[in-house]
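A, B, C and D are the chain letters, set down in written order, and residue numbers restart from 1 in every chain.
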Amino acid sequence: YGKNTIKFLRLHKEGKKHFVKEVEVCAHLRLTSPQEYLEGNNSLVIPTDTIKNIVLVLAKKNGISSLEQFAIDICNHFMTTFCQVAYVKTYVQEVPWQRLHEDGVPHIHSFICVPDGIRFCEAEQCRNGPLIVFAGIKDLKLMKTTQSGFEGFYKNEHTTLPERHDRILCGELFCKWSYGECKDFDFDCIWKKIRECILEAFSGPPDCGEYSPSYQKTVNCIQMLVLSRVSQVQVIEVVLNNTFYNVVDMKNLGLTNDKEVLVPVEAPYGSCACTLARK
Amino acid sequence: YGKNTIKFLRLHKEGKKHFVKEVEVCAHLRLTSPQEYLEGNNSLVIPTDTIKNIVLVLAKKNGISSLEQFAIDICNHFMTTFCQVAYVKTYVQEVPWQRLHEDGVPHIHSFICVPDGIRFCEAEQCRNGPLIVFAGIKDLKLMKTTQSGFEGFYKNEHTTLPERHDRILCGELFCKWSYGECKDFDFDCIWKKIRECILEAFSGPPDCGEYSPSYQKTVNCIQMLVLSRVSQVQVIEVVLNNTFYNVVDMKNLGLTNDKEVLVPVEAPYGSCACTLARK
Amino acid sequence: YGKNTIKFLRLHKEGKKHFVKEVEVCAHLRLTSPQEYLEGNNSLVIPTDTIKNIVLVLAKKNGISSLEQFAIDICNHFMTTFCQVAYVKTYVQEVPWQRLHEDGVPHIHSFICVPDGIRFCEAEQCRNGPLIVFAGIKDLKLMKTTQSGFEGFYKNEHTTLPERHDRILCGELFCKWSYGECKDFDFDCIWKKIRECILEAFSGPPDCGEYSPSYQKTVNCIQMLVLSRVSQVQVIEVVLNNTFYNVVDMKNLGLTNDKEVLVPVEAPYGSCACTLARK
Amino acid sequence: YGKNTIKFLRLHKEGKKHFVKEVEVCAHLRLTSPQEYLEGNNSLVIPTDTIKNIVLVLAKKNGISSLEQFAIDICNHFMTTFCQVAYVKTYVQEVPWQRLHEDGVPHIHSFICVPDGIRFCEAEQCRNGPLIVFAGIKDLKLMKTTQSGFEGFYKNEHTTLPERHDRILCGELFCKWSYGECKDFDFDCIWKKIRECILEAFSGPPDCGEYSPSYQKTVNCIQMLVLSRVSQVQVIEVVLNNTFYNVVDMKNLGLTNDKEVLVPVEAPYGSCACTLARK
């Protein structure tokens, strides 16, 4: 079982307009025989250096039409080329370059990095098994400054947390979903749609929001909305790494503080995770 | 000489609409006497905890109308309240929360973190000296996929770099400027204008760009444009941390590679810096 | 499914001598019912804050005789106190404080942080299932400057790596093992013994070393030695994150370089992992 | 003004015994003319790639007898070779590889990374000026679990910190000193001696320690001891990044806590710095 990470840039031009994809590819391989480990026999081992070459050659030949298609291409290549490969998983992650705009006009060759949620995908296959494709978003930081509380939780002699009906809800979101039988999907379009679902389920209607009784319930709302709106998604996993904020007690400084000044609580921090599948 | 870092959130409402500023404040103090160091006499020492309280109380009372005004408020407070303070510097940095939009409609209380360049400022004062204000942007990652070269450089027996007239120009920008006599400036508006100047000078006209003969020249172009467009800026420092990309040599893989697949060169990496002042 | 991280320090004294453990505890809980997610019903939810209190109270009452015993104590507490808990996993990691010595004399209350491999452990239990204990070491960086090669690997048209019989072997080791039926083990003693096995298997005899034909074989040697020497270990997983070094080609600088100057290859980097169990 | 970072390994053998130095070198250059910035004229520019080659060639030819000597060699090379260089500064930092021992026997070619304080140095020169050498240690984490307090500090209406006479003193130390006229020093020996001074001044006698009334006073004690014991040191700067620990209040959990369980206070954190020169 081995894994390798390669970072590179793929450029292409349409007329004078430049397009750029910078990706990090991680390939996991498991061979049919463990002889490399047990006997130090390297005859079936595919070196890291060769894996790198293959990934770069595929990028050169096929381009990166979508992250998912590129991950599928890599999996297919390893499965069809190397009969000693028992299992392959390819993870592809994108550096979030966006085209620069000047006064609304798109620039033909300049880009800015905007990391408001990182897109990634995975393709996975066992020999003689189906090719499964996952996609996801990570490092997406969101905050609601109201319409969130935490009440009615379990209490015993170790409980010191007060109930709150108007706290801050803030966290870093990880969301990964799997596509079922992977047909000819428009992966870019679906990804954008799911990102919008996440933002909408997290925040509620723009004019009033929607009350969240817990991080857990917000996680579930996101999952439910994605499953209801995007039929291609079969299973969806959401992890929300919570950042808690405490209202600063200013009584001994002679002031009231009506949720105006808050400090992040760095420890303990928590996270909640849930995986939900279509019936 | 001591310094302290405090992180907090300042919320306020206008009607039902929420506004949020999350900042990290770092206060440096130097006292008139070094007795705390030499004699272990703490009688003039202002504890970290007190500094934190002062920053939070000022945030509560004044709000954060702009980062710069808040930094000025803190400096003023320390200078006028503590006669043992010989020097104070306040650094304020913003967590880049942006209001969420759903189908173009702004959300009243939901935000997303978009770190495409971090805004910061500094206010600095010696006792009996003027209050000086700096502002800046950091962690701004930009890339041009063409219109950049590096030719005609100094050569000797240790030179192995080939000349290139069509390379990638990519880097992380740090830019800091000082305002002269600090009057009643609209700091938010100026900051946005300077950010636009930086993007424009880096990338050139949207339809064709502008050739950059070196990282150094691009640094200078940014400075010149800011000084010419923004009269309030007196001195401007720009640091560009370069990321180099090499075109992958695919000859021994039987392929040509016309600047289509490139890999980042992680070491050596370089940076160039320049400070330019108005005459 | 939720998880929480708590960092704290536990001090105790024996006479005038001080002892310190600084640990990071991460508790994962899964409840018997998903009602918190599906219905927003918090009545069974144990807040992060309560989990923190429990961990601190157990540390205060029991002390931390060993990381493993502390992890077991936490698991037991959750299983016996909360009938709504279906599964609990506790991860404990130690900050590597070591007693300071002056001219060989141990200091009674001063410590230095020496992160040459981080000790951690896990205890895991499903309701009505056995309590399983794992221990491990991570972030252990090792290097052999000779007695390592990589030859006879699989080759095809994408192969560019030359065979090498005298390269550098360098990597960051992660090693985790499980104890079987967990009796009254001396966890500290076993951990030290395994650490020594790892170092010995990695490096070979001090006067001559032992040739490693691949990272994979070195991983296997470590596993075999631990299993043969430490009877309490049932299963052992080793991951080696490789750092490759290339001999710098100095021909065009007019010099030979007989493996004297090497540069780390930052990408692609690889890792190999293997899990081995006693028959 | 430009700077470049290069990482590499230098190996050498004495008989069958291997020696390794892995270093990170950062070279700052300022040229006599700013024409590269103002005019985009590259004719005097020394490319990053050339700087890298020079550093590697010097390492190959001279070896790295000590970090300081290597930094001096690089400065000298740039000053004597390139008349367009107005200023050069070289920073060299060491990866803390230590020889492995098995049962007390040193291994001939195996090493372990032990980052308990990172050694670095700097050499700096202006054209026609003297060559100045600095050395230092950083990332050295130390803790005293008693014999530390903070009392008698300045108080006003923003003070909430209680006085404490038995707290934890913990921090990360940065220490940098300059050698005067740099003769034929044994840099390795002096560096080890200074490290011992730091540990001794921080912790006091092994059997009882010595009371520290503040972080500031501990900083000064370190400086005074180094200056008194090591005649080659002319100026010494110490920065102590404090980690504060609070005793957990367990009253509402029905327990007393006699400084047994403490949590780190992540914000605000502070640092104190002082530079002291010989008269």
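Remarks
Note that a contact is a pair of C-beta atoms (placed from the backbone, for glycine too) under 8 Å apart; a residue touches a chain by one contact, two chains touch by 3 or more.
Chains and their UniProt names: A, B, C, D = Uricase.
Values in this document were obtained by computation on a predicted structure and should not be read as measured data.
Any chain bridging subunit B and subunit D, meaning touching each of them, is among A, C; the list is complete.
Comparing chain pairs B-C and A-C by the number of C-beta pairs in contact, the larger count belongs to A-C. Taking the mean of C-alpha positions as each chain's centre, the chain lying farthest from the centre of subunit D is A. Subunit A and subunit C have Cα centroids lying 26 Å from one another. In terms of their C-alpha centroids, the spacing between subunit B and subunit C amounts to 38 Å.
Within subunit D, residues 6-7, 53, 57, 158, 160, 253, 263-264, 267 each touch two or more of the remaining chains. The touching residues of subunit B, counted against subunit D in their complex, run 1-7, 34, 36-54, 57, 81-82, 84, 150-154, 156, 158-161, 212-214, 216-217, 219-220, 242, 244, 267-274.
By the touch criterion given at the top, residues 157-158, 160, 252-254, 263-264, 266-267 of subunit B touch subunit C in their complex.
Those residues of subunit B that touch subunit A in the complex are listed here as 6-12, 16, 18, 20, 53, 56-57, 59-61, 97, 100-102, 105-116, 140-147, 168, 196, 199-200, 202-209, 245, 248, 250, 253, 255, 257, 259-264.
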